[in-house]
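As written, the chains take the letters A, B and C, and residue 1 is the first residue of each chain.
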Amino acid sequence: MAESTNMRLRLPLLCIILEVILIVLFGTLVEYNDDTDAKLWNENRNHSATRNDHENEFYYRYPSFQDVHVMIFVGFGFLMTFLQRYGFSSVGFNFLIAAFSLQWATLMQGFFHGLHHGKIHVGVTSMINADFCTGSVLISFGAVLGKTSPVQLLVMAIFEVTLFAVNEFILLSIFGANDAGGSMTIHTFGAYFGLMVTRVLYRPNLDKSKHRNSSVYHSDLFAMIGTIYLWMFWPSFNSAITNYGDPQHRTAMNTYYSLAACTLATFAFSALVNPEGKLDMVHIQNAALAGGVAVGTAGEMMLTAFGSMIVGFLAGTISVLGYKYLTPVLESKLKIQDTCGIHNLHGMPGVLGAVVGSVTAALASPEVYGHGIDFHFPTLVRTDTYVPLYPILLRLQRVFADVETGKWNPQSKGGFQAISLAVTLGMALFGGLITGLILKLPIYGAPPDTQCFEDGLYWEVPGEEESQHELYEVATSNEVEKLSS
Amino acid sequence: MAESTNMRLRLPLLCIILEVILIVLFGTLVEYNDDTDAKLWNENRNHSATRNDHENEFYYRYPSFQDVHVMIFVGFGFLMTFLQRYGFSSVGFNFLIAAFSLQWATLMQGFFHGLHHGKIHVGVTSMINADFCTGSVLISFGAVLGKTSPVQLLVMAIFEVTLFAVNEFILLSIFGANDAGGSMTIHTFGAYFGLMVTRVLYRPNLDKSKHRNSSVYHSDLFAMIGTIYLWMFWPSFNSAITNYGDPQHRTAMNTYYSLAACTLATFAFSALVNPEGKLDMVHIQNAALAGGVAVGTAGEMMLTAFGSMIVGFLAGTISVLGYKYLTPVLESKLKIQDTCGIHNLHGMPGVLGAVVGSVTAALASPEVYGHGIDFHFPTLVRTDTYVPLYPILLRLQRVFADVETGKWNPQSKGGFQAISLAVTLGMALFGGLITGLILKLPIYGAPPDTQCFEDGLYWEVPGEEESQHELYEVATSNEVEKLSS
Amino acid sequence: MAESTNMRLRLPLLCIILEVILIVLFGTLVEYNDDTDAKLWNENRNHSATRNDHENEFYYRYPSFQDVHVMIFVGFGFLMTFLQRYGFSSVGFNFLIAAFSLQWATLMQGFFHGLHHGKIHVGVTSMINADFCTGSVLISFGAVLGKTSPVQLLVMAIFEVTLFAVNEFILLSIFGANDAGGSMTIHTFGAYFGLMVTRVLYRPNLDKSKHRNSSVYHSDLFAMIGTIYLWMFWPSFNSAITNYGDPQHRTAMNTYYSLAACTLATFAFSALVNPEGKLDMVHIQNAALAGGVAVGTAGEMMLTAFGSMIVGFLAGTISVLGYKYLTPVLESKLKIQDTCGIHNLHGMPGVLGAVVGSVTAALASPEVYGHGIDFHFPTLVRTDTYVPLYPILLRLQRVFADVETGKWNPQSKGGFQAISLAVTLGMALFGGLITGLILKLPIYGAPPDTQCFEDGLYWEVPGEEESQHELYEVATSNEVEKLSS
């Protein structure tokens, strides 16, 4: 006998407790930063002739933030509405766990990115970072889509956000890695975390819900809304937290070209792998985005449009081939039930992106970057921020970095980019394993095997009596026409 | 016998007359402002070394304007498509009355905000303000949705925009109130105006259209497009016309946190009030937005993320409870038929926002705001703009403000915020009453009680013969497969 | 016997060959520009005290670029989903040909706009220009929608992009025409090119697919997503590549007012031309946008809100009348089968826009523009860019321009705007003719007459078995309710 899926007490209790904890922690730990605080901003303005209004980071980052925000809530939310009877849950649970994750991520990232006299400072950059971390959780959501209760998803988010912040801290602050668009921190991490969770939650009898685990005509169109928004705004995603000026500009452009090339590869291989040469919506909806993932690390470097297009083309190719040939094997052999195929959209392209980033970093030279090389590949420890683990960090720096100059050289930099990928994979798989085991406890109201991919379990679903009304309408509209004539 | 609903003469006549009037008034009254006029901008640039291109207000405000624009046309438009047979009208009439209102609002607000030598000056700020005023009309539209003809809606817009401008003038220019995100001027005003109109237009036999006054599966997904866009861009809405720099940055961030907390409250209480613990799309679509409304006044103040989250959580809670328990009572006891439940989304959260704004203003101190306090709580009469009622205004200022300094002190400021709420409620209810009575005249082609919530009355609706074609398709596609093999 | 429509080899082959060519050409010809190159940007910064980060063109143009990007992929893509069984193709082929066109356009425009030491320089402005050129291809796509294979569409894009770049070069660089929003270069060109192509591809037996050449209820709502996004972001489209400061600001505002007036005209005439006074979704979806097209040339000039509203009102009027009275005649008399009615949305309003631009240019005076007149109506040859045809160009300049000052005078300027329209029409019709003849070859897998407007030919279309599942759902959800209670 399956456990009850009634959410009446479990969901409200969890939501309210979490929000109260968040509010208390925000009340004690969070402060405005220099650019959002009325007093600090006006003081800085008075002390410096160069602090004009337009130099507030808001004007450099806010348009990018809003694009990222659209990707998180519309992009991810609607991308997952492709299932015929799971649209409410796709958009709705996406909404819920994103709204929670961005708050929790602000705290976790704030703690690890460096406290200021014991306080977390917030502004548009922390908002973007929180959205990024949320993106990682939503990627994992794609793997377990249709097979989890909202309570399970919130619990997963708690653990994943926390581990995301730890991994990000190791990569960015200890290894000094570059990963502006998050090929490693967001995509690789989110994908392998989610794949491990769905592996642990393996359902041998999932085929009882098989008839719902597919799309219908209109649900595929709703999903295309998600796809197109992700595709269009990915240049903003990858460039949102790069340095000001040329890096932000260049990153957006590299991503634009990578995605364009990726799209042609996707259409090409989607038709090629189909016996009748017909295009598959699953590929178009997903693989066309792989180009954005794959330049998430190298996009801010001098990858060039040429390099970006090659990377994008490769990403689209492996993504389509993954959907066609790898996903079925993962399910049958490795018992990984990956609803949205996140391995093909975020997993493999994320790893590709990390490798490309590593190579591009190793090839960096002052001839190419000019004075920009110091901005792109800075010294390890940013001494301007207080980090709790400062002493350990300094010691690690001496082990890894070029001792004489105190700076990275491109070759060692490339090596650390590669190590970052390995660490990310390890953290994701380990974290996913633990989280999966926790989610396996029979206390969260998970759907029974016969009721997966079904909104009716957790939502009041309106009757689809349209067609009957239709008839009624036809009858009455005749009357109306008489009236209106 | 019901009156004819034929729009053939009424709608074209009204649209054309209105547009001709608008064009004539624009021709005689409207001029480019300093930042949009080729001559003035270039003169200013030449006279001042500091007027660089990037200082044109376009670059500070245009991204926010576009986000607000999306909220008005996609946000409001699609939010109302939840009805199964009223999607064309929801998006379409929203489009029509918004396109009219923004033109009319430019004139009305231009007149009351201050003429320049008898001319109205326009630029991106006037565009945002016009969109804001339009938002108020669309809120009222939500109350009468499905029960009004397009002619009635245009007539409502004429009166509501006019009164909005008067009320806004009283609040901002006479009382010197702060209300950047419009908790009072937009949400409270629009909601109570609309509720009064629908009260006057009460239809005792509306249950004859009951079967259409509900959603179907896909219509709820279309509505979620509206919801998510409103939710994402609300930070831009509240910050669009604040001062440059820290206030704009802070307002966006406070709104972001308020909405996140509101979303968790909405999911919690939606499940809690349902006997089976199932989530209700009506709540998710609407109540999750209440957090944006409720920080519309205080968001630009030093409310902090902590304060914003508390306000958002409260707003989500009262909004869900309103939908569940208050709306049925309003209809049965007070005869207020509120189709979209604007009382829960805009009414109560708007009042909450006004109260929060009043308290936050009263608590303001130079210790918290530093030099920023002068920007946030300026002297009453802005001497840089010509106001027609200048002499009366000066007298009122002497009565209300701190005579010695000529400035507001925070406590009196808080008081005036509260008075502003009372005035807004009075203006909205009175204006709604008058407008409702005018709309009751049987000359507008309003739908009969049996044909409410029905697109077919005012639109050419295509036959829904898809399912029959489907069968045909299956037959023919078999042939096609033969062809394509 | 119809040819096979199987895309298995044709589409992949074409996509891969095209992308490989693009990659090779980008590798040999394309370089970062001053604002995207790490070395150049940092050098410029060091040499000049005034080159601050915020002066990177990214911050002036990127928000506009993203709005334009949304118009290209969501706007055009969803606008065409109105067909009941062609949603996958509308969004999907739009996606494919746009992704190809923007890459090809970067090369073609880069070549004609001026090489830098034999290299094409890219940045956000080239991205916007590439999107603009893509828009022109998508307009033509609207004429042949439902009647072409994806291979045909890609071939059309190759030719159209190339010719677009030539025409744009003639207009902007040789004639020195102003056309920031592309009334001529984008809309007129794309429309008449597409109309000529569809004329050449005339199908006498298209009525065999007639039952699919119409909308259903939900498909019209999807199309409204496209309409509304185009409408909202048109101000960004027209202002995206104007000069910084007042022109960008003014263009956005003029477009905003033109569209608002156009919308009222559209509703008015849509009701007026219907015997029952009912509104037609075809008009609302399309004609309401004509106001944006019609101020594409004059929008950056001192047209004023007043002038913009008159132009918008006229555009909406002729567009509705075109849909009602002209389109049927074009089909029956001239054998032009224009699926989306691009003649009414882009053709006539584009010509109107060109005429308005010509008149507005001729009326320009230093009294109105002040020092801005030099920015708006610059000398012919921009000496700061290398143009391959420089010597020929100089000679042409001497023929056309005011010899004494070396500058245009407004009257000659107006004349050249008019000549530009004539050239555009000629180029479009000639190019469309040639391209149409090429597309007529029976090698592209075009759909047979019985299978036009049908996704199933080129897409794996999911079964629409929802209603049967529905019944199953009702049965099982009863069980679930027992479980969950």
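Worth a mention:
Convention: a contact is a pair of C-beta atoms (placed from the backbone, for glycine too) under 8 Å apart; a residue touches a chain by one contact, two chains touch by 3 or more.
Chain by chain, the UniProt names read as follows: A, B, C = Rh family B glycoprotein.
Model, not experiment: these values are computed from the prediction.
Because chain B and chain C carry the same sequence, their contact can be compared by residue number, and under half of the numbers here are used by both. For the two copies, chain A and chain B, the CA superposition rotation is 120 degrees, given to the nearest 5. As a whole-number value, the distance joining the C-alpha centres of chain B and chain C reads 32 Å. Taken residue by residue, chain C touches two or more other chains at 6, 54, 59, 63, 218, 225, 276-277, 461, 464, 467, 484-485, whereas all remaining positions touch fewer.
Put simply, chain B touches chain C in their complex at residues 6-12, 15-16, 18-19, 22-23, 26-27, 30-32, 35-43, 45-46, 53-54, 56-59, 62-63, 66, 69-70, 73-74, 77-78, 81, 87-88, 91-92, 95-96, 99-100, 102-103, 106, 122-124, 127, 150, 218, 222, 225, 276-277, 458-467, 469-470, 472-473, 476-477, 480, 483-485. Of all the residues in chain A, the ones that touch chain C in their complex are 2, 4-6, 54-55, 59-60, 63, 67, 84-85, 211-212, 214-218, 220-221, 224-225, 228-229, 231-233, 235-236, 244-250, 252-253, 256-257, 259-261, 263-265, 267-269, 271-272, 274-281, 284, 288, 302, 304-306, 309-310, 313, 367-373, 375-376, 448, 450-451, 454, 456-457, 461, 464, 467, 481, 484-485.
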